[in-house]
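Next come two complexes built around chain A: one with chain B, the other with chain C.
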Partner chain A sequence: MTEPLLSIQNLRLTAQTDRGTASILRGIDLTVERGRILGIVGESGSGKSSLVSTIMGLLSPGLNAEGSVKLDGVDLLTLGSSKMQALRGNKIAMIFQDPMTALNPVFRVGTQLVDVVRNRYPGVSREEAVKRASDALVKVGLSDPERRMKDYPGQLSGGMRQRVMIAMALLCQPDILIADEPTTALDATIEAQIIDLLRRLRNEFSGSIIFISHNLGTVLQLCDEVAVMYGGHLVELGAVRDVLAQPLHPYSRALIGCEIDDQPLDVPLAFIPGKVPETVDNPPGCIFAPRCNYAAEVCTRVMPPLRAFEGQLAACARLEDIT
Partner chain B sequence: MTTGTSVRLDNASVVFLNVIRALDGVSLEIKAGETVGVVGESGSGKSTLCRLLVGLTLPTGGDAQIMGQSVKTALKTDRKAFRRQIQMLMQDAVATLSPRITIGGLMMEAVAIHGLDRQETEARIHTLLERLRLPVSILDRYPHEISGGQARRVGVIRALLLRPSVLVADEPTAGLDVSVQGELLNLLLEFQREMNLTFVMVSHNLHVIKRVTQRTIVMYLGQIVEDAPTATLFKHPAHPYSTTLLSTNPLLSAGGASNAIILQGEVPSNAKPPSGCRFHTRCPVAQPTCSKTMPELTRTEAGSLVRCHFPYSLALPGAHQDT
Partner chain C sequence: MDTNWELFRPFGAHETEGAGRLRLFENFLFNRILTAVLSVFGAMLVIVVLLNMVPGDPATALLGPMATPEYAQRFIAEMGLDQPIYVRLWKFFSQVAVGNLGTDVISGRSVNAIVWNALPHTFALALASMGLACLIGIPAGVYGAVHKGSIGDTLMAMVSVVFVSVPSFILGIFLLIVFSVMLNWLPVLGVSDNATLGDHLVRMILPTVALALGWIGLIARLVRTSMLEALGQNYVRTARAYGLRENMIHYKYALKNAVIPTLAIIGMGIGRLLGGAVLIEIIFARQGLGSVLYDALQARNFSVLQGSVFVVVVIFVVVNLLTELSYSFFDPRIRYNRR
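Entry: the complex of A and B
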């Protein structure tokens, strides 16, 4: 058993606000193995983006992270900002939802790609860097790379920009690539192209991928494991096929139940009544209990930890009763 | 005009700056009480179509008629009466709410502008608040104090207060979590039935279109490429573009199998649309004639209108498994 690439233990993220302490992450335990693709799903405000921002060391001032985030045994939370800066683009990289704001609008695409190569591999000559950049553009499916290298980001379509971001990630060859809803801003046929590209690049890419998405169908196609988040907690974790086909946690069940599938037309659409917990709320019991169909007295006492059950992990006190 | 026709477009075109053909010769007829979905990618003309219907954009060619009256004339003769007939839910619901007026004030604008009875309207607002599960206290709040989901429901109330006969919704669930989109769609459908609304809904979410609409219009680069009963379209799409869109729409029940047809290339610009069939540059089954002659919208035996020289030539992958 080798050590996992990324190991997150009891990660808490808090902030002081006018209304008291806001808990954004409430104790996350998660490991990512080498070469695997982990999907993260959950509603807005569940902490998905905060989790990956913490891993990337991109937290806004005022946010306080406790616990540990170990990459290859090194705790990222204890690294200073300059060491963290050196890690970004080398060991960890990120593809954002909006590729336009991630690319610098006043530099040509080629310049930005070459900069990435020369930062990652300082010994590489300019010519070699240009060649690598152009090869990467071909790999992500952009024809005419010479022309694209001369373009400014604003001259590219959304799909092309996201391809440039993926090319950049390939050039870095990071150990961990984080993709935060990389296809949300794209049209359906372009989204299909990008997902197809990510699937094919799996073999090109030696590292692990953390893939955040709202689209459960896409997660099912692309990921090996899936983590379900709710209110700053990880409530379920397991192999993607198991979790999405047979979710254990009541929240995962409800969320998957909301997916519009082949239900008969006369049945009203499913939804989860109530609202997501506020970060300043600190209920003593299970975070999902107020909206849960299966909540019982036991659920009001303490937030249950993630525990193994039928090959998956779920944070629910009543797994035995409800399955 | 024939009775029962609610919306009618006759060869309607919208050309911006003399070059951008946002909408190009669109003809359609929607019966009163019909629920119609409009799908297509960015630049396909979906939003322009909506704006044309509600009179926010005027046709540069052809004609748009609502309840037998030309939009152009209606806006000149009695603008307010026209607006009472057709209302729109905007994609960005928060942006439609003036930031300095309370929600209650925004709702009562209808009284001032359209001369509705104040007491009756107040009573109606309270009924609608209850139906839409909004707290009465929301009336005293300002737009920045409410959530995106609440802003959408406020938009629904503002539209319904005028008792329109046509409701146009531009991406009513975009940006909403799946956990709440079902609730909103259920309510919209309830109101549609109760008020016998003609309901035109734009969405890029094909699952939503499939569940909510009776008829679907597929658009590509400003043209209608297919217009068919929703059930027929989802089972036997006639146009290769419709087939492609449907194939990129993974259902969880498909178990993660990817049958997506991956198109090559980007969506062309509608300032320089391709010759012949607009889709031929990306069409997997294009023939030489497709780049030369533009196909006309033609009725197939299954009752679908399709703009393709070779309808049904691209089969939906995995469709044979349908029972």
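Entry: the complex of A and C
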């Protein structure tokens, strides 16, 4: 049990483009322990979704992953597509960002859930699969599961559809559940309900969860650890309370500074000047240096690796100087 | 061809809309049937006017140049051709209203009987052709989309274009020459003189293939396009994320979405083929609606022509109506109402 459930080492993701080689992930090292919830935050384009697509083995053709992604000691990057397919919906499952389009509009909710159950547990009878599916719907807080099973996704609200997606994930009882911004497309009130649901299900669910979010508040409510990504790098990693209370990396600080929830109304909104680095550029120094308030000469030479500092990990050369 | 989606929309929450939905459906059906009746009426008007302008009058065509003017005059009066168009239309429709398509003045047979004898040939050929076209075209389209850019896909694209662009009667003659004349594998005549089912089927092979090839190409191209779109949708990614088998994803989850835009073309194809594949029926000497139309036109036999064109138009309109209704079978979004 000493070995972590998921262990990612030096993961690089590249694609050949007309403008040269694009680096989407630039060497990620990350582990997820059993039963833990890891949050991943970062701007759009920081590589969060690419990271989880790589773990799921659902990369678009043309993308090239190097390094290793070990689940229970098995390197997923070297698995063939049929073995990977057998793993999906079994050991790993995923909840997507947009519940409006993630379910098939022309099949009943029940059909889609039952197919997933029968794929996961091939010996299960149709009746048993239907029963499990409707139980799962109750578990995620949908009343009248018989009717919901007969409904088409278009007849459900966004929140209900996301509950159906969560039910689908629960039915698989995966070791790792990936939730890719599951609340971004929902109203704020519904978002709170879904987060609350995930928190309650946490106790019942024995696996680990990777939770991707823009919203640091939801990460704080739900996660044990948080990883901050920027430009295809992991720039900070630590216990969620520590990182949010005392962010080390200048990017984490800036990101937390941009949260608008409890800022006074008369202050202009904070933002990080500059833009996310181009994937085709390969600057020699720190990836965040061009936008960093603390950048010094040392930052332009080499990308600093993640290093331990005050119980957290951060990839910054000037941690001692700036804290 | 355009479904009136708006008709299905403006009703509220779906638990209380049972009665409302039924009323909407009745509205829809009433509208459609009204449109259908008007289409039939309009088509008949055009046909009768056009027939009136066809050069060569039936008397000369049938009786020959040696007929006495009096005799020709009497003949024309018997066919009702001396009367103005609106009177002829009125007569025709009042007959049709009681289920009578008229009488063939030349042979004395009822047009009902002539059409009735021809219909089985036409239905068998049309349904077999379209069935074959779907059976091959749909999987071919799925294959092309799934293996986009492969040699098989490229090859199929080329073959499809050939199938679509070569007229079916050329294909028919070509098949006839190769398989019946040169190889002597299949009979030349497309219809059996003895009535065994096996012989009927064997003789249907060539005309069916000749008609189907073009539709195979068209359906394959259309399914490929809509399938490519479906495969890029999020629900396909979801199905993959839950480890469903690719075959199930392709043929169940993606195809049902991809088939919807193809329905219109399949429906139109059935309608057209039922309207008589005139040239193919002539090449293979099948006594279907197409042959009846052709013979009647050759003979300027207006009574038969009117009656059979009417049947063709009605079939086409009915098939189109059924096509529209079939949308709601494949696409539940038409059945229930979204906000």
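The rule we apply is simple: the second predicted complex is superposed on the first by the 315 of 323 C-alpha atoms of A that agree within 3 Å, B and C clash if a C-alpha of one lies under 4 Å from a C-alpha of the other, contacts with A are read in each partner's own complex, and residues count from 1 in each chain.
Rule of thumb we're sticking to: a contact is a pair of C-beta atoms (placed from the backbone, for glycine too) under 8 Å apart; a residue touches a chain by one contact, two chains touch by 3 or more.
For clarity, every value in this text was computed on a predicted model and none was experimentally measured.
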Scan A:L244 for contacts with chain B and chain C and give back first, second, both or neither. first
Answer with first, second, both or neither: which of chain B and chain C does A:G159 touch in the superposed model? first
Does chain B (first) or chain C (second) touch A:R120, or do both, or does neither? second
Where does A:N90 make contact in the superposed view: on chain B (first), on chain C (second), on both, or on neither? second
What is the contact status of A:C172 with respect to chain B (first) and chain C (second): first, second, both, or neither? second
Can A:G20 be said to touch chain B (first), chain C (second), both, or neither? neither
Which touches a greater number of chain A residues, chain B or chain C? B
Using the touch definition from the top, say if A:P305 reaches chain B (first), chain C (second), both or neither. neither
Which chain A residues contact chain B in one complex and chain C in the other? none
Help me check something: in the complex, which residues belonging to chain C touch chain A? 14, 233-235, 237-246, 248, 253, 256-257, 260, 330-333, 336, 338
Going by the contact rule set out above, which residues of chain A touch chain C in the complex? 56, 58, 85-90, 93-94, 96, 98, 101-108, 115-116, 119-120, 152, 154-155, 165, 168, 172
Parts of chain B lying in touch with chain A, wherever the complex brings them together: 41-42, 147, 177-183, 185-186, 204-208, 210-211, 244-245, 247-258, 260-263, 266-267, 282
So in the complex, which bits of chain A are touching chain B? 43-44, 157-160, 187-193, 195-196, 199, 214-218, 220-221, 240-241, 244-245, 254-256, 258-263, 265, 268-273, 275
